[in-house]
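Paired with chain B in one complex and with chain C in the other, chain A is shared by the two complexes that follow.
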Partner chain A sequence: MKYAALFVVLGAGALGAQDARLARRLDAPTQAAVLKLIDVARSRGLPTEPLVEKALEGATKRAPREAIERALTRRMDRLQLSRETLGAASSDADVAAGATALEVGVPTDAIRDLRAIRPTRSVAVPLAVLAELVAHGVPVAKASQMVAVLMRRGVSEGQLVALGRDVQGDIATGASPEASLDVRTRYLVAMLPVPGANNGLVNSAIPSDLPRKP
Partner chain B sequence: MRSRLALLTLAIPTSLAAQLDVRLDAGAARLSQRSLPVRSAMTSALTVQDAGRAWSVWSSALAARSDSDATAQGVGVATVFMPVGNRLRIEGGVVGAAFGASRALPVTAASGTARGQLLAGNAWIEAGGSRGRVWRMGSSAPLTTISAGAGWRRDALTLAAGASAVRADTRYRDASLIARLSRARWELGAAAGARHTSDVSPGDATWGEVDAAWWLSPRVALAASGGRALEDATRGVPSTRYATVAVRVALRSRAWSHAATRERPALSIEMHGEQQLLTVSAAGAQRVELMADFTGWEPVELTQTGASFSMTLARVAAGSHHVAIRVDGGAWLVPANLSPADDDFGGRVGLLSVP
Partner chain C sequence: MAERAERDPVIERVVHEMRATSPSSDATIARVVAAAVQAREMGVLEEAEDVPVRVRTPRRLVRWRVAGWIAAAASLTGFAVGASITAWRDRAVRVVAPVEGQSVAVASMAAPTGAPTGAPSAALASNSAAEDARVVTQFVLARPGAASVALVGDFNAWDKAATPLAQEPGSGVWSVALPLVPGRHVYAFLVNGAEWVVDPRAPKANDPDFGVAGSAVVVGRP
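Let's look at the complex of A and B:
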């Protein structure tokens, strides 16, 4: 009971902070419209901070009220779909990363696959890297498959982010997104410990779960 | 009346120029100074700043000569900047100045200056002072100034207000307002102020100045300025009404051509102890700002170190973040190494993955 009261106090504090930011940056009619949408999101159990951030982004970019409302509605729909895809117990960070992945064209099946690999751990970073790769022109199917392979091999989140950065660097120098991801993933997989090997000191050849060119 | 014009120039070692941000103005002026006839003059100004913004040197010179008289004036300012943490900056410097007219002894002045600036988001407050001497008519007097001010900068607009008290062979108090707007290809500035002098009558006077520059190319601009300046006891310069036009040459390309002539800036984020260090590499840029979901979409100016600009962040949550950067007040950009995504407002943002 004591913790529930603390949660209520902390929650109210966070909401108050959100309101203060919105009040400072939005005119009264826009603020009222945004708060209404945030209430809807809260009633659905969706994270509200991504909506506050989108409203603040609209304010900074001097978007009219209608544009801010449209942007928030779109983001709320994606958050909703993300939560449905990832599961009701997913963290706010996972749901937000899933929404960003949906935003750039990652299908729900691919998001569901990543959740299946990590049913209890956060998938925020794998989803973020997947979204990055797809936004940079890597075919969705290829990017999803590669990220899934790496997750199964126990890649760290830092390694995954570095992979996304390396692929972007290759693309910037003229490499094809698909070819770059192929090469970088194979290189990274070769560096990862074979599951079950002692101390991870035994490096593998290209593992059998990595897709091969026909 | 036949005028013969002379230009005073200052030189710097060319071997250093590549490491420095150098601007040279050369032009003509029409001016009226107290007790002297209206005349034309040639002007020059030189600004040298190192790429790391650790120090700067600024100087200007003006010379005019007619059948009946000649005048010359010059001022040089050297300043060292020392950041203390992310919020405090300390400056120290020296100022030397001289004004001479034919058939009169020159007036010279020299002083040391110190100033502290406390930064808070887009705003700052500052306080400082100087001590020195003024030599006039064969005698000298101590020179003391104290000053305080505040400013605010948002996007390309800078506003500042200040007040100072000067005690030399005369005493006065100044108040001033300054506005500057810097866009990709042009710059505008305006300043105005009022002075109260306690030991002369009438004791109150006002002044105002405007200036503008239009960049014809990444390295060449046309500049113009005009207005009324009151006597500057700290530099020995009499009150002056003036109008100038000049050609400005920069040794380094101005950033409006950044997108066309250089690679777009790239952004990286690394762990730095318990915090994260966000770095933007933007060679040739003078100012880089970032806004992102983790700044509440408030533009934040990054701290320059050489060709890189950085900021330390409290732990940003793992996952996907949206960011945009801006160089020298230009358009908001997606960093070159980040994937672009629609922002739902008709623009683009960069996707940043944080482990």
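Let's look at the complex of A and C:
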């Protein structure tokens, strides 16, 4: 009973905070339309915060109600597909990251692969790095493969983020996105500990699961 | 009474969840609270005075015996809790100072510093406290002559007033550091309250929904 009351309190609190933000920033018709969509999302068990954020983004960008409604509907559809792909037990952060990856063109198979590599841990950062790589011109198959390889090798989130930043820096200076990712990934893999070893050694050879140069 | 409170499963759960947060959380919370107090004294947070800060405990709620009262009161109290949590987050963002030891450089941009901080509500609100561990991230924009620069993004509800940047005196370099949840974030700068400026050193984030591109930053734990 106590837990039920606590959950009611926290749930109502989150709802109240969302409503307050929307009420401050949206006109009444837009707010009503947004709340209706949020109710639909909630009834489907989807995270609602990404929808609130999108609505507030639209408000800041002075978008008309129709544009905000369309944006929320699209985001809700992607959240739904993301959750179906990642699994019902996935965290809200993972579901939101999956939705963003879908938005830039990452296929569900690639998202499912990352979840399979990390069935119980968050994949929000790997999905975010993958989405950024694809958004900036790395072919989706190549980017998905490389991120998956690195995850299997135990790459840290910080290393993945740095990889994405390095590739984007290379692209900005004129490098081919694909070639940059190849070069950067090979270096990173070489710096990672040898799987199964506990002696501080690093990989000295190109791993067999990385594509080799022709 | 104290002994009974110690055995209360709800309180024990809260204590357990709070202990599960990162070791730096206590220090972080203390630092944020101290800064918030200081900011309040300086009048920085006066616009948030209407936010209710007194929160009933769940333990008191469960003593109410009339079911209808429980539902109604829970909604009202929940609103207060949510508003307080929102206020806490807003305050934390507003009072966060550039990370000690970081140099402010024109060339730097949203750079994860690897200094995780804890969000006081995260342990209770999330299935995994570790997933909510935040990473302090710095945003810098060189804009000589600007009267004000603010940061808007998905991390602050795109609120123009939430995250003002501070200018390094006389330099035209504006910066702010704030804790972000790991993942991808989209943001932009607002110069003089109206001019939308993407971060010139960050990847562009297209906006097919509203047609106003921003910048993207991916944040991850070290």
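Just a few scattered comments:
Everything that follows uses one rule, which is that the second predicted complex is superposed on the first by the 205 of 214 C-alpha atoms of A that agree within 3 Å, B and C clash if a C-alpha of one lies under 4 Å from a C-alpha of the other, contacts with A are read in each partner's own complex, and residues count from 1 in each chain.
By our rule, a residue touches a chain if its C-beta (ideal position, glycine included) is under 8 Å from a C-beta of that chain, and two chains touch if they have at least 3 such contacts.
All figures in this text were calculated on a predicted structure; none of them were measured in a lab.
When both complexes are overlaid on chain A, chain B and chain C end up clashing with each other.
Of the two partner chains placed by the overlay, only chain C lies in contact with A:A20; chain B stays clear of it.
Of the two partner chains placed around the shared chain by superposition, neither chain B nor chain C is touched by A:M191. Contact with neither chain B nor chain C is seen for A:A141 once the two complexes are overlaid on the shared chain.
Once the two complexes are overlaid on the shared chain, A:Q168 sits against chain B and chain C alike.
Once chain A of one complex is fitted onto chain A of the other, the partner contacts of A:A116 are absent, as it touches neither chain B nor chain C.
The contact surfaces that chain B and chain C form on chain A in the two complexes overlap at residues 21, 53-54, 56-61, 63, 67, 70-71, 74, 93, 96-97, 100, 103, 122, 124-125, 128-129, 131-132, 135-136, 156-158, 160-161, 164-165, 168. Contacts from chain A toward chain B in the complex involve residues 21, 50, 53-54, 56-61, 63, 67, 70-71, 74-75, 93-94, 96-97, 100-101, 103-104, 122, 124-125, 127-129, 131-136, 156-158, 160-161, 164-165, 168-169, 172.
Residue ranges on chain B touching chain A, taken from their complex, read 268, 291, 293, 296-299, 317-322, 336-347, 349, 351, 353-355.
Across the complex, chain C is touched by residues 1-3, 5-6, 8-18, 20-21, 25, 52-54, 56-61, 63, 67, 70-71, 74, 91, 93, 96-97, 100, 103, 122, 124-125, 128-129, 131-132, 135-136, 156-158, 160-161, 164-165, 168 of chain A.
Interface residues of chain C facing chain A in the complex, by the touch rule stated above, are 9-10, 13, 58-59, 61-62, 70-71, 74-75, 77-83, 85-86, 112, 114, 124-128, 130-132, 152, 154, 157-160, 181-184, 186, 203, 205-210, 212, 216, 218-222.
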